[in-house]
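Have a look at these structures, which come just after this line.
Below, subunit A partners subunit B and then partners subunit C, in two separate complexes.
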Partner chain A sequence: MQGIIRTIRDGSGFDILLLGLALLYLIIFSAFPIIYNIIMSLQTVDMFTLTSFNRPFVGLQNYYDIFSQPVAGTIFWNTVKFVVLSIVFQLSIGFGLALFFQQDFPGASYLRGLFLAGWIMPALVVGAIWKWLFAGDFGVINYALTSLGIADDRIFWLSDPNVALYAVIIANIWLGIPFNMILLSVGLASIPRDVYEAAELDGAGVFERFRSITLPLMRAQLGAVISLGVIFTLQQFDLIAALTQGGPADSSNVAQYWSWQFSFQTYEISLGSAVSVLMIIFVIVVAAVYVRSTRHEHSY
Partner chain B sequence: MKRYILLIIGLAMTAIYLFPLYWMYLTALKSSTEIFQYPPTFWPADTQWNFLEVWKSRGMGRYIWNSLLIAVGVTILATTLGTGCAYVLSRVRNVWIEIALFAILMMQVLPSSLMVTPIFVMFNQIGLLASPRIAVILAQTAKVLPLYIVLCRATFVQVPRELEEAALVDGSSRIGAFFHIMLPLARNGILVTSVLIFLQSFGEYVYARSLIAKNELQTATVGLQTFMGPNANDWNGIMTYAAIYVTPILIVFMLLQRRIVSGLTAGALK
Partner chain C sequence: MLQIEIDHLNKHYGGFHALKDINISIKQGSFVALVGPSGCGKSTLLRTLAGLEKTSSGDVRIAGQSVIGKPPRERDVAMVFQSYALYPHMDVEHNMNYSMRLRRRPKEEIAERTRTAAETLGLGNLLDRLPKALSGGQRQRVAMGRAIVRNPKVFLFDEPLSNLDAALRVHMRGEIRKLHERLNATSVYVTHDQVEAMTMADHVVVMRAGVVEQQGSPLDLYDRPANRFVAGFIGSPAMNFLPAAAASNGALVLDNDGTQQIGLNRGMTHGRQLWIGMRPEHLSLKPCVNDMAIDATVTGIESTGSMTFVVLEVASQPVVLAHGGRPETRKGDQVRLHISLDDLHLFDRETELAA
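Up next is the complex of A and B:
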């Protein structure tokens, strides 16, 4: 007993205790739910078997049921569009802004910091604001588009099945720009100035310098930001809940929202689990690639 | 001269980006007929201060209280569990620590909307849903704890090892060195990271929506979502609600802006 107390006070027991507490918590509330999720996706879980510990085992039936749903194709394709379009625009706008604010002018870093206001706000509130901006009859976006002559008529952003998904994507791009911009700014700041000066002396123009210096030196950063973008985009739920709730007719529904709808709206919990398992696997693979690439970078 | 042209372009871009925020405050201040004017006005003709009314009629006090309670609970639990763990991860280097760190990084990315299904069933079976706010605190802590550990670890890495070693040579115990040397030196980073996870939990939606059944225990996000309902027309009120809700968040953010930015970037890229 004395020995245990001493090792906790003064030895490696102290480390093990501190590490163990947090890890134990994460195992109970994070790792175990994942395993439980996999088990549930192989069972029938609905309102009747919810509290039971002995549920019927159905094998891969739930996975089969998901893919045989008529909307499955639409939803997975929507998810792909949601992720790809969000990232392409977040990244290019964020990169553009990072390059712009990298220049030397008064208040540059202060203004850049203001952009993070969009990132710190609860996504549900951002969704509420965008819902009002997108409003069909009185929305300011429609006013801007029609008065600038970009659109002939009002666009019913959230109730037209052809555009609802794009409305959600636009709001998500707005949310993601600050994070992309700040992370890329850090990368840009670490490129030594004299590399550019040397290139300029050799007669390289602005685009040449960007292509042959900035892009190659930012490769690791861009990789990190893209993987984080995939991860954050797949976490996006609040925005969809606020804007369209996946509608109209699943036209703006994505996998992470679909999974929640199964579990909490139609109570087909095992189907929700199955979608969730598939998406978690995908997210973890992306994250593993990201972590490996940043680790790799450290060994230089 | 060029610097001032850049400044003007920079200001213009910031203004365009922050327009949605401006529109929220503007709509909150307009009268309920003015918001439906077309073309819309860009400055309130007849400023209305209906903040108190919306606060009372929507029962915002209760919602905000629940959100605060959950955010405080999550922050206390995550800092208690996470700080020591972050310290160990920053000091010890061996293969087990590498594995633990990798596992923590993996858990950082799990989306709440996907984790909520097994958590709901599990909490239901062990009866935790009877105290739903605690259930949300437990679930949300599991969500933010990895992020807290990763960001805090970056702070501890910056504290010179020699300071701790000197204290140990002087006869301090490990516990003593941790509380008297390491914690005070890492104070800033711990503070900023706690603020960050506090703000994140203050705006939490998925777990509150899915685990809390009773309206009087709901959070401010769910209150806003209910307000928005399927046929929402009271955009004036909704934007007032939103403005009341996010203004404190924005103020805290403005005060700590620089530190949050540096803490965040250190953690995400190292």
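Up next is the complex of A and C:
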């Protein structure tokens, strides 16, 4: 007992305790589910075998089954479009707003704070509101488009297979802008003002300062925002559930929602696992890029 | 030839009047120091010359041309920032030649001028280093290099040495001055350190609260300070001030102590309140020619080895005496303090102007 108290007091045992707790947490809540998921993706798992661990091992059969699904190609390209378009617009609009609010004008910081409103709302609520906005008959978006003469006829945003995916993407872009803006604002604020002034004296115009000072110095933040954006976009489930449920006819379905459908709607749990394992591999690659990008952070 | 003319310049920040009717003329090739306590407007004035701050009224001419409303890049001025403001993602070479690359100068010219500047500043072997891999002194040199490759009309320095340690600061003081002479440049140098201003500049501008208190050559300011503020600001240790008043016969009498008459009579009106200014280095414990003497008590002795500062009390006012050796006096001694009448400075107590 004396010995234990002494090691805790001296700190030699305490650090191991802290480390152990963190490690234990990671093992129970992260490592175990991921490994269990990988194992399930290599077995046949359905409602009957769910409770026992002793399930038939099928190797990569589940992965083969996924790719032979007729909708696999659609869902793959939908996911690519969903991620790429969401990131491109979230990032460019978020960066634009961050640059805008970096300017010194009355109320700049309050207005910037207002943008966070979108971020603190649950995605399910955001989805419900966008569903009204997008509504074909009474939606305000159609009203605005037809009144302004931009669209001749009403667009059935959520039930037209040609536009349903883009409707989800638009809502997701809106949802992601505040996060991009805030993170990039922090990055912009950390660039010392006198570096810009030095560039101004050296003869750089506004565009040149952006190209040769802002962009290279924002490299770490841009890398972080893009990587996190990819991860968040691949996690985006609530919005799809609230808006289209992947429909009509899988026209707005994406990998993460498909995986959920397998596991929790049709109970083809091993297929759901296989899809999520593929997504995990992709996210690990993105995370590796993110970790590398943080190495470029500059100290001033 | 006048290189910079600042003509009735005013600057307001909202309700705050930061620069008040500034008039300064700077000759081509001269080294001008703007000196004053923090918040006096010296940096604002420098940034106004650079074009980083807008002016409210008045005119600034560089090489005869008004630069009001012109952006920094059209003014042909280079600035060395207090923080150096190096581009953190560019190596030394690219930091230095950024301005030339922006102007799309020929490759050979860029390489040649970067090399010359780097050699001048002893940066030749550091060209491929990033700023974060440099010491403070090296960063300072890169900041200077970035200015000199451009060969601008005017160099602006914003407290460039304040982030260096004392020894390096003294060394760089000489280097900057040498560089200035070699380039035959016109330099404006902001500092809060009056020693830096006195040792480097040909023309010193003392500012306080947005106003130019006095300008002139360093020794001019030292010998003939126009007011009590300049007298106290220029010189180290600072000038001693004792309150005095003119007696009925016109002679000066130390305040608080009507008994101590000073053998100085400038026929001042009876009752006029004054400050008597005495530089520590002019005070002596031994009589000298044409001197006056006052009674004092030694309250402390501070020695630096080469110099000894004797802290005294005269009519319950502290007075410092600087002695270029080791005086034979001890704490508690009653002494006679001597100063030549030619070295006395008088300031009106109401207007603070030299009397």
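Rule of thumb we're sticking to: the second predicted complex is superposed on the first by the 286 of 300 C-alpha atoms of A that agree within 3 Å, B and C clash if a C-alpha of one lies under 4 Å from a C-alpha of the other, contacts with A are read in each partner's own complex, and residues count from 1 in each chain.
By our rule, a contact is a pair of C-beta atoms (placed from the backbone, for glycine too) under 8 Å apart; a residue touches a chain by one contact, two chains touch by 3 or more.
Quick caveat, the model's predicted, so the values are computed rather than measured.
*Asks:* For A:Phe48 in the superposed arrangement: first (subunit B), second (subunit C), both or neither?
*Replies:* A:Phe48 contacts neither subunit B nor subunit C.
*Asks:* Is it subunit B or subunit C that touches the larger share of residues in subunit A?
*Replies:* Counting residues of subunit A touched by each partner, the higher count goes to B.
*Asks:* In the overlaid three-chain picture, which partner chain does A:Phe67 touch, first (subunit B) or second (subunit C), both, or neither?
*Replies:* It touches nothing on subunit B or subunit C.
*Asks:* Determine, under the contact definition given at the top, whether A:Phe100 touches first (subunit B), second (subunit C), both, or neither.
*Replies:* first
*Asks:* Tell me which partner A:Ser273 touches in the superposition: subunit B (first), subunit C (second), both or neither.
*Replies:* In the superposed model, A:Ser273 contacts subunit B only, not subunit C.
*Asks:* Looking at A:Phe57 after the superposition, I want to know if it touches subunit B, subunit C, both of them or none. Which is it: first, second, both, neither?
*Replies:* In the superposed model, A:Phe57 contacts neither subunit B nor subunit C.
*Asks:* Considering only the touch criterion stated at the top, classify A:Trp77 as touching first (subunit B), second (subunit C), both, or neither.
*Replies:* Neither: A:Trp77 stays clear of subunit B and subunit C.
*Asks:* Give one of first, second, both or neither to describe whether A:Tyr143 is in contact with subunit B, with subunit C, with both, or with none.
*Replies:* In the superposition, A:Tyr143 touches subunit B alone.
*Asks:* Using the touch definition from the top, list the residues of subunit C that touch subunit A in their complex.
*Replies:* 50-52, 71-73, 77-79, 81, 83, 85-89, 98-99, 102-103, 132, 146, 150
*Asks:* Can you list the residues on subunit A that touch subunit B in the complex?
*Replies:* 8-11, 14-15, 17-19, 21-23, 25-26, 29-34, 36-37, 40, 45, 50-51, 53, 97, 100-101, 103-108, 111, 113-118, 120-126, 128-133, 135, 137-138, 140, 143, 147, 174, 177, 182-183, 186-187, 221, 224, 228, 231, 234-235, 237-238, 241-242, 256-257, 259-260, 263-264, 269, 272-273, 276, 279-280, 283-284, 286-288, 291, 294
*Asks:* For subunit A, which residues count as touching subunit C in their complex?
*Replies:* Within the complex, subunit A contacts subunit C at residues 192, 194-195, 197-205, 208, 212-213, 216-217, 219, 298-300.
*Asks:* Which bits of subunit B are touching subunit A when the two form their complex?
*Replies:* Checking each residue of subunit B against subunit A gives 2-4, 6-7, 9-11, 13-14, 17-18, 20-21, 23-24, 27, 35-40, 81-82, 84-85, 87-89, 91-92, 100, 102-122, 124-125, 138-139, 141-142, 145-146, 149, 173-175, 178, 199, 202-206, 209-210, 221, 224-225, 228, 235, 238-239, 242, 245-246, 249-250, 253-254, 257-258, 260-261, 264-265, 268-270.
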